[in-house]
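Take a look at the structures below.
Next, two complexes with subunit A in common: one pairs it with subunit B, the other with subunit C.
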Partner chain A sequence: MNLQPKENRLVSPYFAFYLIHTMQVGVGVLGFQRYIAKSAGHDAWMAVITGGILIHLLVWMSYRMLKNSDGDLVAVHEDIAGKAIGGLFSTLFTIYSGFLALTVLRTYIEVIQVWMFPHINTWGISLILLCVVYYFVSGGFRIVTALAFFSLLLGTPLIFLKYFAVKDSHIYNILPLFDHSVTDFFVATKTMTLNYLGFEMLLLYYPFIKHPEKSEKWSQWGVFFSILLYTITAVESFAYYSQGQLKHTIWATLTLWKIVEFPFVERFEYIGISIWLFVVLPNICIAVWCVTRGFKRIYSLKQKHTLIPVLILIFAGTVLFKDRQQIDLLNSMVSRAGYYFIYFYIPLLFVLHWMVMKVRRRKKDA
Partner chain B sequence: MFGKRRQKKQERSQNQSSGQAKTQLTFEQLMEKCKASKDFVSFTKSDKHPFTISYYKSMVNPDLVHKDLIPYLTSFSSLSLTELSQEIPVENIEHTSDVQTIMDSLLTGSVLVQSRPEKSNCLLIPAATAEKRQISVPETEFSVVGPKEAFVESLEVNINMVRKRLPIPELHVKEVTVGKLSKTRVVFLYIEGIVNMENVNTLKQRISDIEYDHILDSTYILQMISDNQYSPFPQLINTERPDRVAAVLSEGKVAVLVDGSPSALTGPTTLIEFFSAFEDYFLSWHIASVFRLIRLFGVFFSVLSTPLYVAVLTFHYEMIPTDLLGTLIASRSGIPFPPIVEAVILELSIELLREAGARLPSKVGQTIGIVGGIVIGTAAVQAGLTSNVLLIIVALAALASFTTPVYQMSNTIRLIRFPFLVFAQFWGLLGVAICSSFVLGHMLRLTSLGRPYLAPLFPLRVTDLKDALFRLPFNRQNLRPMQMRPADPARFNYKRGIEKNDIEE
Partner chain C sequence: MPNTKLAAVAVLLFLTGCTPQKQVLEDIQLVGVVGYDYVDESTIRATVSVPTTEGGSDQAVLSSTTYSAKSHTSKNIRQVLQAESPRPFASGRVSVIIFNEELARRGITKIIDSLQRDPSVGRNIYLAVAKGKTQEMLSKEYPVGEIVPAYLKLMIEQNMELTFPRANFHHFNYSYYGKGSDPFMPLLEEKHGHIRITGVALFDHSKYVDHISFDNSFIFKLMYQSFRQGSHEFKLGKNNYLTLENLSSHVNYDIYSPNTNPKINITVDVTGKVNDAAGTPLYQAKTIEMIEKTIKKQTEHDAEKMVKRFQQKGIDPLGLGDRARSRGRRFNFKDWNQKYPDIPVQVKANIEVTQGGIVE
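After this line comes the complex of A and B, so read on.
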């Protein structure tokens, strides 16, 4: 059974650009520099690029797989492992999407708590943000896509704030090139994965793109744009901070915003964090949407019935993870799961699906 | 549960309507009913005459009855009704015995003529008076240059004003009657061959589905046929300019005129269209574009300025640069209230002034404006109740909200700043962002006659941007907006339009 969405629910192929890109740029970009610099030091910005190239490859694999199955991940799983076992794997993926939403939301709330309102209760802000999420997701995939579009429109101009840091940075900080071993690069690339996570939601919303085969080039551009953004941010941060300083800066990008100064406003990070809501929201919305869509595909549950329970679970999750250590644990857990998922599971699935399709075709011919 | 309730409702309303049909009046009962009103006249000239004349005195043109009707009736007293209808110099005379038709025509200003020999038949001679106001200058959508005609309360005059601007047979005028008591004539206009019939059908469907007893203005219709009736945002444009209606009709939109209403509705529309004044097309495109951008800036300023003031002064005072801080401290040092109270007091007093100014006759209204603006403002600052910085911000925000050319929209903008204020008080700048995301989500979900409200921004339609945030010159406006999915998208031949000669030709 293939639940093909209605024509008026589809989005144009070029929106794949926004969907892929906004999903990759979330809270990670606010403080990824320290983590990748841990192993590869000032050369880590190259790990950003190599990590990105791998993502290009994975997107390509996903598209091959989806084109052949004419559907989404659930259909692929069914092709390979049948309905029952396939459904189990699809459920795992759905739960993973839910955790992705939770991670993004909780980390954003942490940013608010650290930078804006030190005494604010987690549950209050979580509740109101989840209300916003409910409002968008209940509008359907088109509305979520629209949010992704506006997110890019509002979020991208923030990159120009880097200009203020450029004045005080020393490009010699990132020299000499290739100062670290291949293993260091590999570790940094692996750490970078968490930031690139999110593109795999494509596996679920693929049928919602009109003429999905045409959207591949847009998806690849989306990935490219993310790489560009991350690379600029990384190079800029490595040039601005010394490596010693970076070790102690958890939110390097946010700290860069602090030096922004206009004649009418200082301490730009308050504005930046507020605008960042629009960058974070589509992340959460797309992930939550994928959870409800996944349950609909696997268990034929109505999306409007699953949405509220899912949001309640996420709400409970945000309250549960209390301090920095726990949030860090959540982040590293999800990033490890994502790491295995995209680097091992997608290629495996790709090969298996390819073999299954070949066998089937042979059977048909015979 | 709701389905059942709705079903019951439908059944009930069906019963009602069939109940009405059952109580079909006889002719005598109708006459009796009409005679109960004092303005109903029924008489026979003299006993020799076979004809009885009846009409509502208040609805017919007395000149026509006295000069063109009664003389003929007296001189052709021997004729039958059919022959008589050929003699009387009035067109569209109806010869009928149907009581329903008789009742409707009598009430819309026809004269009923009976003849003694033919009991059951009668003639209905249209003689309605059209009391109407002079066509005047548009008041809510005034323009410095360009036509100075505005719609009036008469449907015929309004249609005439549109049709004389578009003298083509393709301009179709379709009529529907709505309102159980008011029996309002609602007319919708479109240009066949340009309009997408889907829009026409949606509109027609919604208007004929209206269930209400009285429809007294087009704004009633505007609210009743909106896609989302719970939204504060108007989803159709309400305009009093016939030239604007003619222009949007040629874009492939549909217009609705309501008898007795001096404004037309046009749709489908987009959010951006609410910020385009029709005067934009009379000015050169550079000026028009800049004005449009200023208006859009005005909207953002009007909605966000006070909430930002409250957010920054309540939570994020670190953001204020040192040089500016002195000014702010000086203006706020004696104020006993937190910023939110101060802001709410000022916002409310501005709203009071506006409301008082709108309710009072214009001469008094002006005085109120001056008294309120200058005297109360100065006094409030000197008394130390509000800071003068905030006074400036609030006054500018009020001013900015009036730059919106469509009245309904400017009211909406004034309304939605209050939730923003509340959010700013609770969560500072983040609250403003949260509230913005709610508004964004709401506008994304809105549709106008089923077409997306935020177009051409989302879904992004690059070709429609030529007349959205800014207006490009006329030779670039070769395509009608894609938003309406017009049947004929090309306005003119673009190639011929931009044909240019070489330097020396």
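After this line comes the complex of A and C, so read on.
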């Protein structure tokens, strides 16, 4: 069965930049500061950089794997473990993508409920957003990519809002450098990589990039841009908040927007949260698309047919997780799964695949 | 698949019924100022000042009115207040929050916590301590051409541009939750039919413990932040005063051995002009030198005295601990707090008078 997508379904290599970057910047940016500061305090901003460098490495590994298998994660799994067991692992990854979409959606809805409309029903807003997701995902991968592009266009200017906080910042807050133990630093790095999750979706949409081997540098630039964004956000937040204050602030980025003042808007955070929908939407869309794509590759189910059941499951999930504790639990569960996936599974897969390929090549030669 | 499309449209249409509660500007009351008064151990009284318009749409007159109620928790007060209000209150435009002196002395933790949690309360709002009851202060009318909420906000705002150090809700939280610094806020008093800032109210964590006079707030600001405006009066000789107008001032902290036996040098560089010095010949280089010397001496003396006072009270509005933390590895706040009252602090002021106005 030839599963290579038709050429009119492909996107140019440079779109990898948008796909990787938008998937990494989601609801996490709104409040990651407090989590990384928990272990490494005012030094945690350096963990943002080291965490990012690890992601660069993992992207490099993924590309080596994908190039050799000439396909996607499902093909890699088949190369290593055969169709049946490989399919099982691919299914797990697909389910993980689904949970990623659910987490992003539920967390964003929580932000809306806490900050803007405390009376809004979870199911109502979830249904509306999932209708929009259906609209984009059913349009195919190119539409989802376009959405990622617009998301960057709309979301990135928000970084300039940090300017308003500069006059109330004490840059000496991040001094002295390297004031924490190596262990603390590693824990913060680990926590930080969870924010970079999402790039691994590349393993499924890789065949949809035209001349995929050319997209590697764009993907790496995408990761680099994410690191830049996260680093600026972390440094500015650490300079703006005292460490004790940061501990109490769940959404440090959103609270920072509270200081923004324009003559025509008194309270910018409401507008910021609304704009953030466009940052969150491609996250959900890419993940949902990957779920349907995964099922198509493993079980040859039509994406059109799996999309609605997947959305219904996600919808049920958003209603199921009710309060802060449960949402926090969902977040930490998905983060942990992601953590094991990128730090243990990808390197393992990389080594295994490399060995399998070597053995095969030798067989071919012999 | 025309059916699914139709269904999608139908769903979107019906979902419009799920919109959250609307808040139309005309149907709510935007609270401008909240004042909290002490009643007894477990009860506080809140007074809100709300802008209102009277008269038709052509000749609307803006005025403000107050509602007041007491309760045990600050959020419940809202319910009680609601009982006498024609429209629901909204706290999105609160610009000033005032605590009555007695309440502030007993600690404002509860109220701060509740304000913190409310997403509709901004961070660039001002907190203040008031002498006397806030209920009385807010319910009076002041002939200043502004309604009470706007009056208070503008007054505090413009003073923070000048001689008063910057202190809003964010700054308060910064010191309140952070280690190594204590919050401060303007101290307000109603006098001769106006509200005026009479000083800087200094807090020990959540409790108001001391204040410095408005005259001295300039000296405090010199040490607290670098800034470009404000003026201060210095004594030149017997019955001879002059005013230094600050053009730019810059402060720098040198903290030596913060972990073991700390020593702090505060250097303040001020460039200013002297406008008001009747009888002093400002064209002579010698006089200028003399003036600079006098100002320098007085600034250093006053500043050191002020820091000494902070140390004796065990409060740290300048954030010396926070600054020391940034210079010392594995900084220990417990140690610091023990040493704090006896740390030698030296203030060095470099004054430069650049001009004396447009006549000689």
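Quick notes on this structure:
Definition applied: the second predicted complex is superposed on the first by the 364 of 366 C-alpha atoms of A that agree within 3 Å, B and C clash if a C-alpha of one lies under 4 Å from a C-alpha of the other, contacts with A are read in each partner's own complex, and residues count from 1 in each chain.
The criterion applied here is as follows: contacts are C-beta pairs under 8 Å (C-beta built on N, C-alpha and C of every residue); 3 or more make two chains touch, one makes a residue touch a chain.
The structure presented is a predicted model; accordingly, all values stated were derived computationally and were not measured.
Using the contact criterion defined above for the overlaid structures, shared-chain residue A:128 touches subunit B and also reaches subunit C. When the two structures are aligned on the shared chain, A:105 is found in touch with neither subunit B nor subunit C.
By the document's definition of touching, of the two partners only subunit B reaches A:265; subunit C does not.
Once the two complexes are laid over each other on the shared chain, residue contacts for A:243 go to subunit C alone; subunit B is not touched. Contact with both subunit B and subunit C is seen for A:117 once the two complexes are overlaid on the shared chain. Touch criterion not met for A:47: it reaches neither subunit B nor subunit C.
With both structures placed on the common chain, the touch criterion links A:274 to subunit B but leaves subunit C unconnected. Residue contacts after overlaying the shared chain place A:287 against neither subunit B nor subunit C. Subunit A residues in contact with subunit B (one complex) as well as with subunit C (other complex) are 116-117, 120, 125, 128, 135, 261, 266-267.
Note for the complex: subunit C touches subunit A at residues 8, 11-12, 15, 18, 20-21, 92-93, 116, 119-120, 122-124, 166, 170-171, 173-179, 181, 322-323, 326-331. Here subunit B touches subunit A in the complex through residues 315-316, 318-321, 323-324, 427-430, 432-434, 437-438, 440-442, 444-445, 454, 458-460, going by the rule given at the top.
Subunit A makes touch with subunit B in their complex at residues 12, 112, 116-117, 120, 125, 128-129, 132, 135-136, 139, 143, 146-147, 149-150, 261-268, 270-271, 273-275, 277-278, 281. Interface residues of subunit A facing subunit C in the complex, by the touch rule stated above, are 114-117, 119-121, 124-125, 127-128, 131, 134-135, 168, 170, 172-173, 175-176, 179, 241-245, 247-248, 255, 258-259, 261, 266-267, 269.
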